[in-house]
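Note that the chains are named A, B, C, D and E in the order they appear, and that numbering of residues resets to 1 at the start of each chain.
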Amino acid sequence: MAGRHQAVSLDAEISVTVGEFELHLDLDVADGEVVAVLGPNGSGKTTLLRTLAGLQPLSGGRITLDGQVLDDPAAKVLVPPESRRCGMLFQDYLLFPHLTAVANVAFGLRSRGASKSEANDRALEWLGRMEVVHLAQSKSRHLSGGEAQRVALARVLATDPKLLLLDEPMAALDVGTRGSVRHRLRCHLAEFTGACVLVTHDPLDAAAIADRLVIVEAGRIAQQGTLKEITTHPRTTYIAGLMGLNLLTVSANGTTLTLPNGATLQAASPASGEMLVVIAPQSISLHLERPEGSPRNMWPTRVSEIHLMGDRVRVLVGDPVPVAAEITAVSLAELGLTEGSPVWASVKATQIDTYPAHGG
Amino acid sequence: MAGRHQAVSLDAEISVTVGEFELHLDLDVADGEVVAVLGPNGSGKTTLLRTLAGLQPLSGGRITLDGQVLDDPAAKVLVPPESRRCGMLFQDYLLFPHLTAVANVAFGLRSRGASKSEANDRALEWLGRMEVVHLAQSKSRHLSGGEAQRVALARVLATDPKLLLLDEPMAALDVGTRGSVRHRLRCHLAEFTGACVLVTHDPLDAAAIADRLVIVEAGRIAQQGTLKEITTHPRTTYIAGLMGLNLLTVSANGTTLTLPNGATLQAASPASGEMLVVIAPQSISLHLERPEGSPRNMWPTRVSEIHLMGDRVRVLVGDPVPVAAEITAVSLAELGLTEGSPVWASVKATQIDTYPAHGG
Amino acid sequence: MTAAERSRRPPVFVLVVASLTVAFLAVPLVGLLTKASWGTLWRDLSSPFALDALRLSLICSLWATGLSLVLGVPLAWVLARTRLPGRNLVRALAILPMVLPPVVGGVALLLAFGRDALLGRPLYSLFGIQFPYTTAGAVLAETFVAMPFLIVTVEAALRSMDSRYEEAAANLGAGRWRTFRRVTLPMIAPSLIAGTALTWARALGEFGATITFAGDIQGRTQTLPLAVYLELQSNEGVAVAMSLALLTVSIVVLVSLRGRWLGAIRP
Amino acid sequence: MTAAERSRRPPVFVLVVASLTVAFLAVPLVGLLTKASWGTLWRDLSSPFALDALRLSLICSLWATGLSLVLGVPLAWVLARTRLPGRNLVRALAILPMVLPPVVGGVALLLAFGRDALLGRPLYSLFGIQFPYTTAGAVLAETFVAMPFLIVTVEAALRSMDSRYEEAAANLGAGRWRTFRRVTLPMIAPSLIAGTALTWARALGEFGATITFAGDIQGRTQTLPLAVYLELQSNEGVAVAMSLALLTVSIVVLVSLRGRWLGAIRP
Amino acid sequence: SSSSTSSGTTTTQPTLTGSITVSAASSLTGTFGQIGTQFQSAHPGTTVKFNFGSSGALVTQIQQGAPADVFASASTKDMTTAQTSGDIVGKPVIFARNTLEIVVKPGNPLGIASLADLNKATVVALCTPSAPCGAAAAAVLQQAGITLPTSKVTLGTDSKSTLQQVTSGGADAAIVYVTDAKTVGAIGTGVPIPASWNFITSYPIALVKGTANAALGTAWIAYVVGPRGQKVLRVAGFLAPG
């Protein structure tokens, strides 16, 4: 999908304050590029989309789309939302409660100048693509959560915006529909010549649809790049958590890594200074007794939480090295672990991936 | 978690009509049991919870909780919602927009008779457990989606209901929080003596938290049991899709399975009559040329859809046997497949799991 | 018994109070029915005096309602949706004509639109438009007194509406006017209808401002309340009959409008 | 320039219409200011005649507003939230007193609550309660005329409110009364306040029904509009001064109440 | 029922056409209505419209340019006001006089036989002092040496509305024009006031300045002052002009 990046289409430098919350970030999206925005709850993802759509004026910075300045406080420019062609899927859909599903979809088309029958036809077509054409005549306040989300998605895609802003477009969908909507969306976006910003909590969605990921935390960009770049060297615990990895901040001195609480780990390759450490949960072993043999790192600890995940189990252990270990449900039963159990954890030095905390 | 099933706590025989939609199902939940309800969008999950909570009166049947009849049209009994102690987490939260987060949580406690300061203290405690105590004084209409969902969850859990009804409690949560909320919820429910019905689209949630799964489709129960029971012998394509399995309906004659369109597959073990067939996508291989060697089943076809899933890819192929194959992203690149490419698919007879279509 | 019929019964206490209220409103109206001179009803009502008054009442009150909608709704929107300075002052101003004793309202109108007054003089000398003691004046008086009811109701409705739906409409490319017409108006419809009905009713019952500003001239400014006031002193039965005619007409209008409007919005 | 100040300017057309409306409402009121006899203002207003009328106006109108709230809100709730048969009839009934010419409203009240009337006679003989020509009668007249404004506004607000919040409250264990007080009322607050203001204003300006049903007795039933009407014929300056006093008082009350109520609800 | 057109045979002055508006004191409502009907049959093709109200209010209206051609006042004071402001043409003519009478509930349940007995009543209805009938009533009471406490007095805007407080309202007695007292029929009882204490008001009539139909206005005044008009007024209880 590289090579699709042509000209920079969206060029946004954003400073915004809502209530106590501040958002400061720069975002460039090329024509045809899909950027996925991920971040913890309350990190400002929705605020970012609202700002791009013109529903929240900038307090500083500048937003340009396709060369047109949309918002620039310094130059006193503020293009109103209806003149922006930045179609947004709202997190809570905001279907018009007094209209039917098809009238909701037709609304956007009519607003963009389509005739009545044309709008109706295209609305029905889009409802069909979202597999909700049988609900065309339902009042939108009678739709179920997932149905409403699909109608809302049809509504925004039908208007064919220049910039597409999708706020968790698949959160309420059932598994089957989610796969097919994700596919539809990907096909649509592959042909789509505009820019797209997609907010999601699901790295799978992001990986399937987006060319690039932007991680927002507390109103600022924490990291960006492809899924692979981000997950090999995550810079925050949120990002490591996205892929289920353990992240530790350490200070390195040769192959000895010292945690802030004084505990130490042995790495395979030497380094120095402040470093980040990633350990895959699968590479951490748990034992009832002190293990014999090769692992260079082993320490006694206690189980703090046990998360079941189908046939696999994630066991969180506490001090001195708070990490999550992933074992099978069978091992869990064999070890007889419960929360609070004493346990030995071990990890091979080669499984400890170290990289500088700053830069890179 | 077996053995927790004591007495039947909730005993519901439900017939309800809303608009054109009809829901007819029986649901028993024991004290301390957690039942996860899964189903496609619009299958009636929310309607089921609303009926149990008393927000939608039955048109037929009977609901009993802890021996008390809550709704029985024949006997003209209808206990109002506020006397039921059936705490519900609404799919769209329904936080009171005029109250702060803490006042929202305190509302339920106050309604159940707590004093002002006691309600406030316990509300803050619950906000803390949901990791949103810093938002206690925020007006609820200023909360982000995930924040609102956590406050709503705190609000319902704080009232300590006899029957807990959770409508997609984790849909809007970020990855990190989702894990910890799932864990919290599991711990809470483990100690919880009441019954719990949990609606979700995520089989992982269901597996982690629930004792039993009920699959609802088009207002009726399609299948129920543990996750394992259900996923080994799924009865509908929705259920097979939950675990990403392929499901086919065939008529068996010895080891030859005939699809409705006339195509045939070879199974390892003989059977006869109408059967269901499950094939794991991982066990289907794709080839550019007719493969040589062992697979008893192979056929030429075309790629219809390609779904990216991180480093794995799901390739849907069309007639004569429409199934999804899962391969690695690397293989996809090597095969150079795109949508519409001609391709050979193969599967070993031993990977074809056959079971009767009716009963079981 | 269907599920809908099984929905909860309202609390007895509330029903008791509501019934008391209904009785309080109904008994006087029933009393009126006994007082009407039924025998001569048709003759009384078909006299030119009564017909003129009824016709004029309908014309003036509908004009006043229309003017109130045209003038009042934009003001309500500005008050509810913008942050212009002086908003609170304007809001207070919009409430004042409601509180002013209507006769004083009439005096105030004379001071503004009288022949020698600030606005009245130029209007007369430039355009030959004269308000006092003309039908236009009666319309103006009713508008002045009734419009605040519309402004207040519509502003309140706009405030309690979730304005994010308007954002969604704008996002879909709807300009302000389209958003207002297709989203805002339908969503505040119950209150808009209520406000319009209140305004119309207030205009229809207007007495003090009309008689002071526009006089009591048959066929020109003598609306039904004025005619009734006059008639009441000499012929109570006729006055009551005329009032009942007014009631009937207004109920018919309200009910049919309500059905029409609400029908269009939520079937 | 902060972000809030950068929010969109309202359309020019709307601003023009809104300004016209403001002018239409403001110019007559400004005219009044020129007409008041400022020199003798203090003396005029501190006469027992004026003070009695002002005091009585406030007392009666506040009582009428209170009664309207107590009687009208439950009825509005029943109309909006239940499916009792005859709802439409009751709704029509609740609108009628608005449309009735107020003097006829007074006649109707006499027919119900007069000393020899259906309800008046038993009330008098059993409890010694007498309405005509008493302060209680003035309150009753104002209530009869003004309450419909409250009922209509509140019912509309209840209808446009999303009643699922009430379901959520019930689900959390709140009984009907608690739900109403803590969820419904705050959520319809803007319209409830608006309706209360309308009702109060209507009661404060009431003339026809009061003079017919309760007469015009100084210190007992002579409210300000009655006093002003009489005074207007002999001494316009004093009448205007009294009206301005009424305006001032009502603005103070409305603004302070509004601040208080809205403050409690959305800071 | 205050004005109507009727077809009749032409008798006099065929030159009269068009319409006029007569602003008249509300105590003239019934009589002017009748005279109007007669006048229009006497002059087919003409229309006489009325604008009844309290004399004071009518003066204000005329000053504000209300479309009046003739002004008939219930007091010389209001007519003088109109003259002073230059709204009257020519000299006003007195066309009738009126006196006051007490009206009580049918059958006189409280036994009110004199002005002094008014104290027996709980509520007495009087015209407001600014109205001609109110000024007259105040004078009568003063001459009789009677003071009624304000808490007993309910005020009406004019004679008719004052009377109505007794006939359909809760007042026990009212002091109103004789001409209005005569109209009560069975719903009230009249109690005369001795002539020595009574007060006589005069009703002047005049043409309004700027009238568009002075001929018809003048004809109307002549008709009212003339025998046919006077006959109607006399039947209604008005005294001769002097």
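Basically, a residue touches a chain if its C-beta (ideal position, glycine included) is under 8 Å from a C-beta of that chain, and two chains touch if they have at least 3 such contacts.
A quick note: this is a predicted structure, and the numbers were derived from the prediction, not measured.
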Each chain counted as touching chain A and chain D at once: B, C
Chains most often in contact, by C-beta pairs: C-D
Chain whose Cα centroid lies at the greatest distance from that of chain B: E
Centroid spacing, where centroids are CA-atom means, of chain C and chain E in whole angstrom: 34
Whole-Å gap between the CA centroids of chain A and chain B: 22
Distance from chain E to chain A - Cα centre to Cα centre, in angstrom: 88
Residue numbers of chain E (touch at least two other chains): 57, 161, 164, 168
For chain D, residues that touch 2 or more chains besides their own: 7, 107, 176, 187, 189, 229
Sites on chain A at which at least two other chains make contact: 80
In the complex with chain B, residue positions of chain A that touch it: 18-19, 38-43, 45-46, 91-92, 135, 138, 142-147, 150, 168, 171-179, 182-183, 186, 201-204, 207-209, 227, 237-238, 241-242, 305-310, 314
For the chain B and chain D complex, residues of the former touching the latter: 53-55, 80-82, 85-88, 90, 94, 96-98, 107-108, 111-112, 155-156, 159
Residue numbers on chain C that touch chain D, as the complex places them: 4, 7, 10-11, 14-15, 17-18, 20-22, 24-32, 34-35, 70-72, 74-75, 77-78, 81-84, 88, 90, 92-105, 107-109, 111-113, 117-119, 143-144, 147-149, 151-153, 155-157, 159-161, 176-177, 187-191, 193-195, 197-198, 201-202, 204-205, 207-208, 212, 224-225, 228-229, 232, 236, 239-240, 243, 246-247, 250-251, 254-255
Chain E - residues contacting chain C, complex: 1-4, 21, 26, 29-30, 49-53, 57, 61, 64-67, 160-161, 163-164, 168, 183
Touching residues (chain side chain D, partner chain E) in the complex: 107, 110, 114-115, 132-133, 211-213, 215-222, 226, 229-231, 233-235
